[in-house]
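In what comes next, chain A is part of two complexes: it sits with chain B in the first one and with chain C in the second one.
For the complex of A and B:
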């Protein structure tokens, strides 16, 4: 039995080395100009053409070596994480470790470049460690289910990535290039990167091999491993430390690169390899092959001026892989976990109409605040009211009616849409960390916008919104369509959403480099309410007026979805259809809101939880209160976004993330303690 | 069982679970107004059969008849007004109160808007009273002890007011006192309200004591069915469970009582 388990091992290692050698040769030969193998070899001789020699020695070879080392590091990191967490869906990218390391690198680049030159590794380690700590908290610590870890990682990745973009944008650096770099690039200028990386990576790989037998034991489960005498916590910490170092080094030299860590170990496991003594080296070899192959492909897609980031290519290869993995897998905890919100009251604090009234006052207050304090010219409440009534000076009327009123209304309406959508999606997918942005709607909308701009670079605002809506809905349709045959099981839906979102993200990263796009359409990708006016209100108001009642009508059924599928079914609920209905209403609301504001996360994640604390399980009051809270949240965020760095603006989405992330962590911490 | 009226009937059922055919050509009839126990070793298809009978899984072949109608062609809600199922280890959302949980039993009887009628309220009150949960009705379900929680779930199924109630291992994970409490409650429901009860049980003695009709499954086929006295025999235990056992009679109830001695073919090794 034991001999059989890894019979494919040596073969897998050998083929891997062969493929790797081939890919490495191809990689060196390809680039801005393509070389023959003979040219590459001649460049290595002493009396080579100086131009050719410099190109190969200082650019091509270091790039290939970084790709080799980086791919190996990511492959092994993925294998380690999957084993230690006993979760086949994790990788350094999915857990947010890459995003955390990257954020700290970017922060240092912008604010303290000397620190970056002095000690890049501690920086990336700190960032990675922060991400891991956030994921651990969000996922609920020791009680974390595999799916919740994946979701928490995704949320952390999105948050940290969003902050990274905001930092870059606010420093008015060339957004396009930095967006591309955020996708990871192997391009090297000399040997500095490679010579920094190799001791760390090879050292870690050697150390990690020592844990191979311990990891075999870990696969039996924590209790069993401990009963067999393993110091489980030590093994977990050692492996996590190795992953942080490996990932941090890769991010420092090449930026965050996703999916290599996910796919490489699975390729190896598909060959039947289970024992870590074989699994780890094979993952390293196949990780290196994947990354080098993807890097070679970037030259197929790009030209000198716009080579897409290698991370986009690995995502384009890896995400369909994830999809396949999800849809063919038989066991995902099925539909048997109930909704576990972060704290609810069995009985509401106040009767819900009273709470709704109070929150309504809050919305009015936000509205008034949005009309008075923001903008270049503070207006007194009296002036504003007069202007609303059609009196007062023409200037004041114009400011209030044409600029401030539509913008704050758009913020309030979009906030309500996001929140109601989030409440419906969380209950439909029975997962407290689900949200339209998590299941790929935002990424789909962004991809829609860029595809439109690729075809028609000068498209006007309303057309861009329509493309965003189409993209978001198309992504959602793909997700629900793919998951339909697996009876729309929540875990399947969520994981499918993550994969579809990653594919859309890859499209965005490949297209965003197109030189034809200029200015404002790219701003859309950052998200926010800058320069939004009556047209946005005219879309959002009818959408909410139509879809909210639909949500309320479904509410009673959605409530029953909170039970496990068997119980819900025995109560006479058509589980599949209800989930589809609630999911589609939620996705439509979110896609419409995204089309007007650009991608904004967290409102749909946080507002429903805040509402649950006030009302309990009843879905109808929940939807209403969540809507009101979402309106206040995005309204205040937009006001704050304009006040903080006047006269410039922070994207409202970043403000929401800054409020939302700590609040969510607090809620989870509280609910875990009780 | 003879010509007793039938509550629910499966005919020539072929059932696959997770891509594997687990039941083939099985026919079973549940006597109306009785207590039926499904017994059999792990993996014999008991729970799967229960789900198919409750219309929660579609069979690949054959049909389930309720009053002569194929239930897989009836609307979910209509079926849920007549057949209730309590799955094994059901899960409720955190923080849900007992009364709210029981209230969901009325879901199949309510319209799209979900207003609570006087009949709903009466059914909920009665279910709570029957299960002795009146003092606990405002408590969150996740705060209850195992036995109380199981009673709360049964209360939900009671409030559903179905003429047939299916339960998947209702006594697993309960201590002896709570097991007896649950079984007595089910007997009372059967006796006083005339509901047909079908349950999967692991404990043969429990099944023999409380059921009027027993169905023994192995490898997706019915090996034996009938009254406990006819089913619980040394031959059945050998064929279905692969054990040698002695059968005695419980002097208090007159029901058969089995004392397992050893697994067949393993003791010599």
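For the complex of A and C:
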């Protein structure tokens, strides 16, 4: 079988090299000023015009070499991860390695620039290692299923990306320059980057080529491999280590670049190549071709208007590819089977109405806290009560009635919306790591807002909210529409969401970069409740009042979805419709909340899990308790957001991510044990 | 809350303009009625903090003040300790703002737009877009905004006096630069930053604030690309410099590493303005400012080139 499988190998390698050579030549000719191929060639001769020679030799060639090395590193990293984790959907970007490395670079640039110039590699390595550790924990360690690894990676990427954005928002001047790099870029100012990168990258590539035989064996399955005398553990660790180094080096010289590691190995596998001795070099060559091609595309745009980040181009190429892979794929069999590892308490601690009552008191407490402790002006509880009763000074009354009360109410309501949406989506998709932000609603909303502002920079607040709603709903419609043909299978729906989210993310990256010096586009990427007033409450309250009962109405049928689709169908349930209904109610709730607060993640992930630990799996109590917990969570996060750096404030979305990430890890850990 | 009760409330606040005659003022987000001649003004953008200081009427509160005190250290007139810090420019502290009872709020239209309703419930809001559409001259836009604010505040005389002093400063600088041989010289201004993979060079376009200042100092500005006029600059690398090497190169070192990285590139050493000693550093200054930034930047250029 092996001999047959790899017949396309040499052809694939040869075409790859040819394409690569063509792309490299085109790439060198494009840049701030475009050159003809004749000019490029003349620059390489002895008696070239000195300026032309310098430009080609010191800018264009190192750029092409970094693209070549970086693309090769990412392609091989993707191939290794896909083999080692036996998961066709992973890549360094999807596992959060790039996001972790990027966060550490940003932190160093803002807080310790000297460290960055001293040693970029240990920084990117530490960031990547942290991300991998988080993914490992979230995905449930050794028992992790492929889909769960993808989701965990996505959540980790979102968290670390959110923290990066928050750091940048709080340090605007540095951020303006750093942003260029956050989308990935190959441009070099000389050979420093290339000469730093090549020993690491070529060394790692040589090392992993030595493991090719072992990798072939381990693909036969763990037991067979062990029986053949294979030290599986060691191979896996060596490969993961190589991936971390390769990705860390690429981030250090070119920034975070996604999707090359996903697409390149798939292209090669499409040609029928399976053996690693061929798969790895072919992935390297096609990865390099992809990255150089994407970079060349950015310069084609750049000579017309402005250069978009190369990471956005690779995402724009790669995300449709992921979509195609998901929607056409036949082999989602075992790895992508539905899963229900919800941690459920067999008998609730307390009867759920009692729990609900206690949580209700918590919401009330959060409300009172929000009315008294926060804000610029210290008001005593007595003053606040008087103001609520319509007495006391005019200023105190206005602060309490017009600003504090609606803001804390908006936080509570939005938190409840996110949580109920998360509970519905998790149960409908039978997946503990799904929520609206994971399946692309937040990215859609951000893209909607930034597209509006690119066309109309001075659009009024309500118009911006409408654009966020439209963006979120459009993303959701695309996801459900595309996945409908595959009967809304949970894994398909989630992976479609990830792909659509990545396309929106590419739009966001380009537009953020475009507006970074003239406006402050970053504030649209991380949600908060600054200056939210009664208009927000007037949107959120009716939405919750209308959609929560709908969710409760669907609850019984959603409970049946907890069985697998076949069983549920044999019980007389229209699986597709139920899933669509619950999914749409959840997405609508989340999209409306995002339109008022901006993109906030985690509430929809964490609150339902916390509720399940309190009440078990019955859907109606679960929705109610999750809503209450979500309200408390976002309410407290907003209070903290206003207290930590007074008189300024941080985005509440960042606070939620900082609290939510460790709490989610803890919850997942607990539910895996029970 | 209705407009009338809001007025009554405002009237009850200290220093409120009450029900004095209001007049319509046009700005980037529409037309706003401004009652009387405001004395208590809050600014939500450092550009307008500068404008008010130049008019001799310091704001009662300013968002972005911490940053202002850093980047404008030593520039007179400076905001005194009585100016309240309202937090970050993008998320001004609404409660502190309300407690200050301003009679007027002035901000950047691109961030005010997000919380316009909340701000308008506190005081009339004037918002200006520092990047007007169509790639207009940003210095002219700055002057239009400065004069419009002066008129609303009844400080036209102070505004014209400040602008006259500014022009006199340019004239004196131009004379000194001419004596040093800079009259009519072609010049480009860049902002040099470390970047991650080598120096970023941000080239100011001919319609940018500092480009116009350099013209007023007697230079001829050499970088004018229509595709970068919308924002007034192009962020690029040293790759863009060969085309400009016949001009003089002035640069603002955003950080030392940036300059080191730039100078380490072989292309840098071969550029005409480097070989002939026509590349000169000007002390770093943020160019997202207004009239005070213009004044101090002009002084620094003269002090550096014609000491």
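We adopt the following convention: the second predicted complex is superposed on the first by the 640 of 674 C-alpha atoms of A that agree within 3 Å, B and C clash if a C-alpha of one lies under 4 Å from a C-alpha of the other, contacts with A are read in each partner's own complex, and residues count from 1 in each chain.
Keep in mind that, in the parts below, a residue touches a chain if its C-beta (ideal position, glycine included) is under 8 Å from a C-beta of that chain, and two chains touch if they have at least 3 such contacts.
Just so we're clear, the structure is a prediction, and the values are computed from it rather than from any experiment.
Engineer: Is A:107 touching anything from chain B or chain C once the two structures are fitted on A? First, second, both or neither.
Structural biologist: Neither: A:107 stays clear of chain B and chain C.
Engineer: Per the overlay, which chain contacts more chain A residues, chain B or chain C?
Structural biologist: The partner making contact with more of chain A's residues is C.
Engineer: For A:541, is the partner it touches chain B (first), chain C (second), both, or none of the two (neither)?
Structural biologist: Neither: A:541 stays clear of chain B and chain C.
Engineer: For A:553, is the partner it touches chain B (first), chain C (second), both, or none of the two (neither)?
Structural biologist: first
Engineer: Touch test for A:574: chain B only (first), chain C only (second), both, or neither?
Structural biologist: Touch status of A:574: first partner only.
Engineer: Once the structures are superposed on A, label A:617 by its partner contacts, choosing first (chain B), second (chain C), both or neither.
Structural biologist: So A:617 only meets chain B here.
Engineer: Applying the touch criterion given at the start, work out whether A:643 contacts chain B, chain C, both or neither, answering first, second, both or neither.
Structural biologist: After superposing on A, A:643 lies clear of both chain B and chain C.
Engineer: Note which residues of chain C are touching chain A in the complex, please.
Structural biologist: Contacts found on chain C: 1, 9, 12-13, 28-29, 67, 85-91, 93-99, 101, 109-111, 113-119, 121, 129-131, 193-200, 227, 230-231, 233, 235-240, 242-243, 245, 254-255, 257, 261-262, 264-267, 270, 286, 288.
Engineer: Please give the residue numbers of chain B that touch chain A in the complex, ascending.
Structural biologist: Its residues touching chain A are 18-19, 51, 54-56, 76-81, 83-87, 90-97, 100, 104-105, 107-108, 110, 112-114, 138-140, 160.
Engineer: With touch defined as at the start, can you tell me which chain A residues reach chain B in the complex?
Structural biologist: Going by the criterion above, the answer is residues 330, 336-341, 343-347, 553, 556, 559-560, 562-564, 566-567, 569-574, 616-617, 671.
Engineer: Which of the residues in chain A end up touching chain C in this complex?
Structural biologist: 31-33, 50-51, 54-55, 57-59, 66, 105, 113, 117, 169-170, 172-173, 177-178, 180-181, 185-190, 192-193, 252-255, 304-306, 375-377, 394-395, 398-399, 402-404, 457-461, 464, 517-520, 523, 528, 530-531, 533, 535, 646-649
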